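So, here's a batch of structures to check.
Both complexes below contain subunit A, partnered by subunit B and then by subunit C.
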Partner chain A sequence: MSAQQHARPAPVGGSMFTATTLVCGILMAITATIIVVRLFFGLSSTTNVNDGYSWGIWVVVDVFIGSALACGGFCMALLVYVFNKGKYHPLVRPALLGSLFGYTFAGAAITFDLGRWWNFWHIFWPGYFNVNSVMFEVAACITLYIIVMWIEFSPVFLEKLGLRDARRKLEKSLFFFIALGCVLPMMHQASLGTMLVVMGDQVHPLWQTPIQPLIYLLSAIMLGYGVILFESCVAASAYRRQIELSLLNPMAKVMLGIIALFLVVRFTDVAVRGALPEAFRASHIALTFWVENLCLVATFLLIGTVEARRNPARLFLAGITVMLSGILLRLNGFLIAFDTGPGWSYFPSVPELLVTIGIFAAEVFGYIYITRRFPVLPREETHAQPAHS
Partner chain B sequence: MNTPVRKARAVPDGRRRFLKGCLGTVGAAVAAATASDRAAARETYQRPADALGLLYDATLCIGCKACVAACKRANDNPPEFSTTDKLWDTPLDTSGYTFNIIKMYRSGTMATKDDEENGYAFMKTSCMHCADPSCVSACPVTAMTKDATTGIVAYDPEACVGCRYCVVACPFGIPKYQYDSPTGQIGKCELCRHRYKDGHYSACAEVCPTGATLYGRTSDLLVEAKRRLALKPGSVTTYPRGNLSGGPDQSYEGKVGNYKQHVYGETEYGGTQVLKLSAVDFEKVGMPYLPPKSSASTSETIQHTLYGGLLMPFAVLGALTYVAKRNVHHEDDEAPPAEPPGREES
Partner chain C sequence: MANSSLLRLEGDSRIAVASERLGMRRREFLQFCATLAASLGLPPGADAAVAEAVASKKRPSVIWLHFQECTGCSESMLRAEHPTLEKLILDVISLDYHETLFAAAGHQAEQARKKAMTENKGGYVLVVEGAIPTRDGGIYCKVGGQTAIELTRECAADAAAVIAIGSCASWGGMPATDPNPTGSSGVAAVLGKPVVTIPGCPPNPYNFLSTVVHFLAFGSLPPVDDLGRPKFAYSRLIHESCERRAHFDAGRFAVEFGDEGHRKGYCLYKLGCKGPETYANCPTILFGDAGAGTWPIGCGCPCFGCSEQGVGFSKPLHMLAKVKNVEPPQQYPRIVEEKGMGATLGSAAILAAVAGAAAGGTAMVARNLGLSHKAAEAERAKAASKRTETEA
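Right, the complex of A and B next:
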């Protein structure tokens, strides 16, 4: 097979008992314990959320940031199926897997944060749900997307189970789920930005704008590509595989295009609304605004040239700067630059942090399990057999 | 069986399809957006004609906190302690168990009441019953509702999922959650709507000895507020107490305060049903500046433009389904056709 051909996906194989999976297991057990305490004794027993900052990291990090970091799947699907860039095909499954776990665990995480979680079904029940609510749009859309992603990913399981007929039938209609799997995340990732709008002046002017949906959508797309850069490099080094440079290089270029567009939109908006002077005050708000946006400028310095994009270390770092910027955009809007009035402050408690870490660990664990047991990652060309290292 | 991949065979063709894909999707989105745009723009709501509310006149308030105690009783709320001896109900702010509180403004020597410099003043904190409430717009499950006739913003714990979007959204920080309970609810003033059937009205207004908190139809309260603003500071006038729009006359004569010429709540976010008068700058006593256009209307305009009738999502979905159907190839055990060599674009 030449390197230009699609490498067929294959299970990586190997043992599930490694230092990494052990650590993940312990972190998951701690998380489960904390969640039980929270369910019996209320939110204040484990978290520091309060009426000034009613949304802590379980919402902002686990759901808002977690789901944005899980946009790799739909970003790759956009490239491959919509813009017909078939060569990226080997990146689709691993990216989709990352998204699947990111979203599924984000969805699970939000239920522990809901104060009256047993009523959760109201969000989908006519007579209860409120179509004017941005939260309704986000919640309904994310739930639907999680289901769609499991359907999109199910050929992998059917393949493993040898159910070829079922798989073939499913694949006949897969194009529809793929399209749906692109529209849904675009909708709710945009709406995650719109969630800030109703909060009015409580959100600092550098982050309060009616074009929030566009900013969050662009940010989610560039995050998607940034995360794929990051994940590909990490997976390659963890499994001692080759980095798919011939794919990552042009993909990174697409990402730079989106980042450029994002920066133009972001700064035009801030300038048009007259909020630019706010960015030049000596305050931590201005500082975090610049860190957020200079991270993106740094991406151009890191991988601006074709030559630089052939360097795995630079691609890896670029993935990190993009992720940092996207994380900060959301942290800033919902926590750092959110001000309900004097007297309120928030910093996550240790159990709160442990749960967030534990959910991340669960994602890593799931990713390792599926890639080792199911055909997700492209078959390694240099080995005749799947690697057992 | 292997359904062949519909693949871009040559660079110009590939580029053309790429562009077509982009243009088709964007075109569908824009067409749908402009179609839904006309119907979508949502004006800021105004108060219903018979809206009920309160008028709080800070210059009349003596800080006795009778209203705080009455509110506790009317809503069956437990005491909250901020002192070590725990003898009295001493909440420092509204909470999931305290829906009304009197806060104090202090400056310098605190010598005179209602002076911005070296003075002190009071301010009531409770739900404003907004004409266009952020909490109602935010709530995903219609647990926060605004009554079409009375305009009272009510809360239904049976519907609530406890997401606390209302807590985050309200510009006055009014809805509060009970974090210490596994079955915590949102707590907020509902204008004592549960007391109406017994012929009662807002407990805070019922007990207020000076009429600083006055209950009534907001339209009547607004007329009364404007009457006070037009009076000469220091002159004597009649102040009603209790229920302005009905009930026995409990009025008395008192001195006119040195009002700021602003009825807080007349236009803020489209207006509120609880109105306030103060001699100290409103922002200084914790009432934020709010434009006449509500944030709920901005938020809902965006939502309806993007998702009204699901027009735009379906347009984009249609376009994407079309291109995806052409581009998705069915994988099977055979290796799919190879890409023509030498196509690394960078």
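Right, the complex of A and C next:
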């Protein structure tokens, strides 16, 4: 596969001081301040979480949604290394970069949400392991995956630093980490679904099902492809580069297949469990259920044909609808359709929102910094070459 | 083989005789034996073995020595009422020497002790009550011209079992409090070997009795910890099963004697209660045999750790106990938990701004991409038409 000729990755270059990085910097500074307050004065000083809703958007958005949106790297690795589609290789590094930030910040964000955060190391200490806990599975697996991803991504830094020998040595054992990098996300993305299963009837019947792990896994995979569509289009638009249409077009087709499979599984499950009538009640829960799933149907309308997939605007919007659906699936299960009993309610506070926004800003900032300074995106040909397709 | 079913003892004539001898009804007697077995933590079936042993075994000879003590242990034993334990003690065991309960005096008493020792050589139980002074050759406590050290060693030499009753005999107790002018020590220190200890000031009589009955029924003393304390009675902290424990966990404390918390029965930890560092079963079988709820903590009096070496008689009453197994929480749950609040103007505004920015950004990017696509398509169409022109 590597025998195929690809444009070698190269730094995009350019100034780090732009309007975007400035806004990101301000948002990050606000977040850092709030986090310091939270670490010293406790969760109640900054968040609206309570005994009924013990997790808020720091967990649901930063960790569950953040890590699911960071599945691009794993999805590309699946396509390139497991299904041996070498032509997608140029998409691996940028996708891996997005995943790297998504997961690293998800891992960091969970620390701020721990009530007694100074005990966070307990989960890595064998004497404290609770091997029967799904939380433990998720935490251990995500930590391992973050480490694996930094190793997978390290050739980028070694290239930049000119450490060729080290790079050659690393590449001999890289296959092992790439294999781990394909397995680990499958494990914990499914386990994130299991976390809903263990919540029992606090979760609305439209989202409470024993096959939740499968649904979360499928959703994570299609989100991964959706994010790659989104990232590629945004990067092309922002850096004024060509879009890898010849790669995105067939990849979008793979994504549509997975979405179709997802919809079949999702609706069969809802119907078999007899929960379908719940979807036709006049309630905000039924509404959000339909928005979540119609977003996926909209994807077919947007990029259902080869012709439509040649239009980058449509690919971009399809990426957005898939992401929206994946985000809603998690928001619905863990917050909107999650009812812990009469009287309890939750809505994120201002500082909570600012931290989540700041963490996404940090991801954007990191993405800009690395792509501008390190060889990640494919080298841009100076002259427009005829499309491969 | 010991009997393992109480029901089979229903018509047993030995039981009838024994209960009559003890002044109890047959049912009460069996209930008493079952309670003893249960307080020893014995498996089902042991109740019958205990009942049979109490009813039929030859009463073991007991020699009871008194040294530096107040006789409180013997007194509390006599105060026990379920059944009247003085009857049980005198009937279940053959108390051959007990300085307080003896009618005999002087040489006559000492002769009785010597006689019991030779007659039951290797089979009698030695109970020691009170600490043993060791300074200056032990001259501070003498009975019949012999020092306490000599008496203990002499009687222990041929005893089947040695039991130290009360804190004084167990580890020195009150007489051993600093500066300890007489060099008071426990029995184990004087004999140089471990003995069964029943610490407490006084200990609950049932802890002693259960130990003796175990010896009677099974021919051995119950399992003990490294300080010689029977595990059935001393393996848990008072704090663990204290009736006021819920108040401790919820942070409700009496801070002064007679204050509101004290009157409401809150935890006495802050008044210096030593329950968190004292091992004894007082919360479960209470103290002495004075009826429901009447043990020190139940009456609003902080435990002073009478059974615990280094706590009772040495730590000041007002001093805070060292909480051995649980740390008091730094924060306490509120009585009424906040149940969460809905959207505020600020949070809703921020969320709306983010949604708006995302929608706007999406529209702009989509428009740009669409325009460049349109341009590319137009260019391709132009190139295609040019190609057809040149071909033509």
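Observations
As a convention for this text, the second predicted complex is superposed on the first by the 377 of 389 C-alpha atoms of A that agree within 3 Å, B and C clash if a C-alpha of one lies under 4 Å from a C-alpha of the other, contacts with A are read in each partner's own complex, and residues count from 1 in each chain.
In this text, a residue touches a chain if its C-beta (ideal position, glycine included) is under 8 Å from a C-beta of that chain, and two chains touch if they have at least 3 such contacts.
Quick caveat: nothing in here was measured; it's all calculated off a predicted structure.
Model built by superposing both complexes on subunit A: subunit B and subunit C clash. Using the contact criterion defined above for the overlaid structures, shared-chain residue A:130 touches subunit B, although it does not reach subunit C.
In the superposition on chain A, A:190 makes contact with subunit B only, not with subunit C.
In the superposed pair of complexes, A:345 makes contact with subunit C only, with no contact to subunit B.
If you count the residues of subunit A touched by subunit B and by subunit C, you find the higher number for B. In the overlay built on the shared chain, the residue A:311 is in contact with subunit C alone; subunit B does not reach it. Touch criterion met: A:234 reaches subunit C, while subunit B stays clear of it. By the touch criterion defined above, A:15 lies against neither subunit B nor subunit C after alignment on the C-alpha atoms of chain A. Once chain A of one complex is fitted onto chain A of the other, the partner contacts of A:50 extend to both subunit B and subunit C. In the superposed model, A:357 lies in contact with subunit C only, and not with subunit B.
Within the three-chain overlay, subunit C meets subunit B in a clash at only one of the listed stretches 151-159, 223-231, 241-249 or 295-303, and that stretch is 241-249. Shared interface residues of subunit A (contacting subunit B in one complex, subunit C in the other): 49-52, 343. By the touch criterion given at the top, residues 48-53, 233-234, 236-237, 243, 310-313, 315-317, 320, 343-350, 352-354, 357 of subunit A touch subunit C in their complex.
Every residue of subunit B that touches subunit A in the complex is listed here, in rising order: 1, 5-8, 14, 17-18, 21-22, 25, 93, 95-96, 134, 137-142, 157-165, 167-169, 171, 173, 176-185, 286, 288-290, 295-296, 298-300, 302-303, 306-307, 313, 316-317, 320-321, 323-332, 335-336, 338-339, 341, 343-346. Residues of subunit A that touch subunit B in their complex: 1-2, 4-6, 8, 39-45, 47, 49-52, 54-55, 80-87, 89, 114-117, 119-120, 122-123, 127-137, 139, 155, 168, 171-172, 174-176, 178-180, 182-183, 186-187, 190-191, 194-195, 197-202, 210, 212-213, 246, 249-250, 253, 306, 309, 338, 340-341, 343. Remark: subunit C residues 337-344, 346-347, 350-351, 354, 362, 365-370, 372-373 touch subunit A in the complex.
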